[in-house]
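Two complexes, one shared chain (chain A), two partners (chain B, chain C).
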Partner chain A sequence: MNDAKGGFNVPENLMVTSTMTFFLVHSMQVGVGMLGFEKYIAEGAGYDAWISILVAGIAVHLLLWMIYRLLQDCGGDLVSIHNFLFGKYLGGLLNLVFSVYFLLLSLTVLRTFVEVIQVWVFPQLNVWLFALVYLLLAYYFVIGGLRVITGMCLLSVMLGLPLLFFKFFPLQIGDVNNLYPMIDASVSEILSSAKTSTLSFLGFELLLLFYPFIKDQKASKKWAHFGVFYTTMIYLVSAIVAFIYYNEDQLQHITWATISLWKIVDFPFLQRFEYMGIGLWAYVVLPNICLGLWAASRIPKRMFKIKQKYVLWLYLVILLVISSLIDNRRTIDALNTFTNQVGFYFLLYIPVLFILMFIMKKVRYRHGI
Partner chain B sequence: MEFKKLSPIILAITVFLTGCIPHQSVEEVSLVSLSGCDYVDEELTECTVAIPHYGRSKEEVPTEQYLSYTAKTMKEIDNGLESKSPRPIRMGKLSVALYDEDLAIKDLSDIIDMLARDPHIGRDVQLGIVGGKTKKVIGTKYSENQTTADYLLGLVEQNERNIFPKTNLHRFLYAYYGRGIDGYLPYFLWEEGEVRMEGLALFKGGKFVHLVTNDEVLTFKMMVQNFNQGVQAIELDGEEVAMENIGSKVKYKIEGNKDNPKFVISVKMNGVISEISDLNILETNKRVKKIEAAFSSFFEKKSKNMVAQFQEKNVDPLGLGHLLHHRKGEITQEEWNMRYPDVPVDVQVTVDIIQTGISS
Partner chain C sequence: MWKWKKDKGNEFPKQNETVKDVTKSLEQSKDFMVYPLDGKTKCVLSYFETMVEPKVLNQLILPALKQNALQSLEEMKDVIPVEGLAITDDANLYRQRMMQGHVIIQMKEYDKKFLTIPAVIAEHRKVSIPEVEFSVVGPKEAFVESLDTNINLVRKRLTLPQLTVKELNIGKMTKTRVAVLYVDGVANKENINTVMQRLNDIEYDQINDSSYITQMIADNSNSPFPQLLDTERPDRVTGSLVEGKVVIIVDGSPHALSCPTTIVEFFSASDDYFLPWHLASGFRLIRLFAVIFSVISTPVYVAILTYHHEMIPQDLLATIVSSRADIPFPPILEVIILELTIELLREAGARLPTKVGQTIGIVGGIVIGTAAVEAGLTSNVLLIIVALGALASFTTPVYQIGNTIRLLRFPFLIGAQMWGLVGVSIVMAFFIAHLIKLKSIGRPFFSPIYPLRFHDLKDAFIRLPFNKQSMRPIQTRPVDSARFNQKRANEKRDVDE
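Coming up: the complex of A and B.
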């Protein structure tokens, strides 16, 4: 029943190939969360938290499958689904909520990354000025459209790749005993850690918006799942390396485990690798902010038929103001926890949509519409 | 089109942005390579730093400048050192940090916390304890073609390839924060313009509590890591026999349960006979067997003796509590402190002599 409720057509020259779904999904998932998630997930299940990552990964695969079913059944994007299920007004409200949520994702990533720079490299950094420049750069990408952002995603995955090799250095002096006894935590502890890891996995739900831009949508399914799988594996490896390198009591004293791990990397020509790692991370973070902004500003565009540019300017100003107002570690930590929780409920919303869609379809068929 | 409008703005911002953060080039800061802190009295601490000044040519050995300041807190010392220096002091290239014995006996916790917190300090900084004053160790020129920092770093690295176990800031912090495990650092001694490594200082938390002397270090390393260096000499039937270690492997086993554990440390060492007074005696296989047995019992006796000393002082550099926690289940530091002194520990050493050199 591909009757495209409130459907629209994306011109072919704006589309991306199905392979690119991999990069879009993966690069939106990996962001600032990865720099310090090890400490937070270990709070619940201790060093069994690596199982939580697998659990969370499987859950994300399931949600991704649901998203694909939803989109295939409705043949549009999130806005069409909402309009189809809830009508114009309630659907419209939900759309706006999603728009704000995507903006929140961008904000969290931006502010947390600026904090990392403040703590590790330049304590005197002027937050709003840096945010302004970074956001202008993001503006330039977003205005270029999804294809340009996709290019950036591809680049960011390539640039982030070498950083994975440096996991080897801490492994050399780690102690595998830290992982034992395995599977000691209770199921509820493992699930609570899996919930804490939500923030690191957020981002794949953007598929709800860029789906119409994918050229061969059937083939993209495989690539989206590859993307999620790759993300899960990277988190799994990162967590295990950190758990082997630090013991459990020590990890609780370390805010950014991944950056601290880079400290042990030592080359004759480069003594302090973490600065380079943080520098490269600017490229990993950029597509996060761009995609978040793009999705956030796309929703009003679809709803009110206004130019995306104007919404984008508004959102940029909001991001700039809020990120300058947040000025200490506590608030940033609270922002991360808040986004983590909100994100968790947004993910829970996907199965709800899925079930509603299922019921709706049954009802419509019965009435012969 | 969009880009044409935006590009001048972006370009302008990139140019002006470089002025946003006060920064200094390498020539304009004093990069500390070596630091040391000494105990003065109950309240005061004196810290000394060495700052190399690089000349124009590559071959030239940098001259070192030494600054000292005495104050109560590290922050005051920082300010005091700045007040003596013509350029801002930066700790980014610190490679060796020394503390004197008295300070270490008092407590190093504050200093360790500061090192752990500072993002500019690498995790591979070499820490060390000095018997005597660090000021003397830092202020002495040991070599014509090396700075003192490079010299000390070389000294430690050379010895850690040999019989000393590996140490650095990360390893120390690992033990410092971990439960059921205590840290150790190399112990230096300065005598008449010469510095040498004199053993390992064992820490309980941030306090120096026990010294492993030089003749015990090889046995200690044998118990904490696999390695393939070092020579040990023993007396056998009135003769001096020396064996070179060419590969030693250590394994920890826990027998019994969490509440009644028994630790078994088993070491397998392969060796080569490097020195023996009368080579002819070595002709028979029987003789080799006897030497093997002699070395085994020598190492076993020595290591059991050392472990007993550790237990007496309630310091656990081998990380037995850490191991118990991970293999047999949750144990708190307090619980371990109570039980460690009475826990049975057995050491089994198997020595295998593979070669007896090129002469027989």
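Coming up: the complex of A and C.
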């Protein structure tokens, strides 16, 4: 389908290879959520919550398949799908909602990361100054376009790899019996835990926007699925390690299980690894914020004839102001829960879109359009 | 190059001059000689005394003119036993040839038509051993200031008809000869065109060294990272040419530039190819580690001692605390004092003659260092870290990147002082963003890392054996990318065959 509005035909030198889909999808999914998701998912299904992760992972695979069908059928991105299905005005409204949603994702990640630093490193941190510098960094990336952000995604996955290795330390002194009895929880409990883990899996829907930037779109499908699979596996390992180390009651008192587990890492030249871990986590979080901002500011660019730069500035100011205004743990918790809920409904929206597309195609086909 | 011709306002030198005008303006110089010859041949000779080789003039030109009775320039051209003679009436060429050390003969003074005889003094440094990029094994030739000698050094190593040399003159005043070398059929046309185009667009009055060119044609001239690799080794240039790179050699500069390049190339020494691959890879990794250490060691020291002292294990903490007990300054001030001292020593050492420089090194390194510790201004531990960091920054095989690394740690120090290790991470992320964006002649500078190119990783952080290097680096997009047939190389013999 041809889209009259500008910014759709992506020149080849701005594209990324299909392999990079793996990094884009994976690095957007893993963010601050990973640092403390264990407690929340264990609230529902207890220590069977690892099954919930698998369930959520499978659901995400399904959603990803739908997204690919949508994109392949429509041959564009989210904006063209919306325009195709709902027309200019309703579609435009939905586009804007998505833009705000991506901004919300960035905000949640940014503010939660600042919170992590406040809790673990600098209780007296000057939030707005830190947010300003971090957002300037994000701006520097986003202004370079998707290619530059993709580079950061790649590096963030590489830099995050050694952190996985440190899961080994708590495993040595943990107790496997914590996991037993296995499969004790009911189906509904497992599903509710799976729903709670939504926040950790959010981000792959950005594919709806960066899809036109992928060089070999057919080949990218397997990489996207591989990315989701890798995310699921990392969450699974993280959850199991946390469950093995802490017992069920203990875990309920620990907000940031992954960071707490880093404390166990001990070298002759280095104790309290969590400071370094949080330092490295700055790289893991960065692609989240950059991609979120990029996607959020790209939607208005696609809809109106407006420069992405200006939208980006506006969004940066919004993020800066809101993240400076939020100043206590309870608000941040509420923000996370809210994003989790909203994200869940946005994910539910994908099958709706898929079915609508299916019907629309049938109808149009019958009418010979 | 010729852009200045377009705006007639500030032409320099003036156009449409006659031979007479030029001669008049040249006559102001003391070393410009014009004299009529009254012998069998009647003519006027003019040349720059300081530019012309007396042997050529006295033993070849003058005897030929004096012994024969010549009536025209054409006859002279036949008689004078020097090659490269030309007869023309172009006033522009008159000035140019004169400046290049030609002897010019006219039948009468201010005559339009003239004969030019090349007789320039070929005075330059002998080819010597490389000093900046010294290697224990391998060839020991280094480029000199003469362009022709340098091209000769390359051609001797690469006896290939496809090796093409393009030449142009850059610099409104200096008219410096700049040669662009590439292997036709391997180098990508786009790269060559980009280089030629950028060189042609240079509009400046002087080109004194190849580093002028580096800064002028760089993709991002505000970047602290050099985007063209400069080398004084002909073997390195040959290697670059074969890989499909474009090489720029500037007359008067003993450093050639090769492009497009990548950041990892700045950490590869020519030794890496002379040693067995595992040793070479090991040394390359050590060098890379040294650079990282050199950049982030003192910032990490500041970060940990200022904010995260819990990170240091108890036993180590005792050592550090006891060495820092009497220090009146916070870690950041301590580090800045010591880092600046080291930079001072290095700068002084670089400016002073070699022998004095060594003395300064000893005085600075031992006396000031020991005294600073004893006076309680810095701690022993920090002294070790700073000294190691300085030492590590000298391991870079390319001098240019060493300069970058010297100053790179200061932004990191600011980050460390503000937000500890998180601050270090953030500053690093800024540099990563910069490196990802950076291009060298339009090709990504951060190449084998991002965009990820597995083939190029064979010769990046490590160097795999030659039988695995079947492809030329993809980064340069060579027209012909195969070095040899990998399939045939992989064929293995069975037992007892």
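Quick note on the criterion: the second predicted complex is superposed on the first by the 361 of 369 C-alpha atoms of A that agree within 3 Å, B and C clash if a C-alpha of one lies under 4 Å from a C-alpha of the other, contacts with A are read in each partner's own complex, and residues count from 1 in each chain.
The rule we apply is simple: a residue touches a chain if its C-beta (ideal position, glycine included) is under 8 Å from a C-beta of that chain, and two chains touch if they have at least 3 such contacts.
In this text the structure is predicted, and so the values were computed from the model without any measurement.
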item	value
Contacts of A:10 with chain B and chain C, given as first, second, both or neither	neither
First (chain B), second (chain C), both or neither touched by A:59	neither
Which superposed partner A:303 touches (first chain B, second chain C, both, neither)	neither
Contacts of A:184 with chain B and chain C, given as first, second, both or neither	first
Chain B versus chain C as contact partner of A:246, first or second or both or neither	first
Contacts of A:133 with chain B and chain C, given as first, second, both or neither	both
Chain B versus chain C as contact partner of A:283, first or second or both or neither	second
Touching partner for A:350 - first (chain B), second (chain C), both, neither	neither
First, second, both or neither for A:264, with chain B first and chain C second	first
Footprint overlap on chain A, comparing chain B with chain C	122, 125, 130, 133, 137, 140, 144, 266, 271-272
Touching residues on chain A, where the partner in the complex is chain C	16-17, 19-20, 117, 121-122, 125, 130, 133-134, 137, 140-141, 144, 147-148, 150-152, 154-155, 266-273, 275-276, 278-280, 282-283, 286
Complex contacts: residues of chain B adjacent to chain A	2-3, 6, 9-10, 13-14, 17, 20-22, 92-93, 116, 119, 122-124, 166, 170-171, 173-174, 176-179, 181, 322-323, 326-329
Residues of chain C that touch chain A when the two form their complex	307-308, 310-314, 316, 419-422, 424-426, 429-430, 432-434, 436-437, 446, 449-452
Footprint of chain B on chain A - complex, ascending	119-120, 122, 124-126, 129-130, 132-133, 136-137, 139-140, 143-144, 173, 177-181, 184, 246-250, 253, 260, 263-264, 266, 271-272, 274
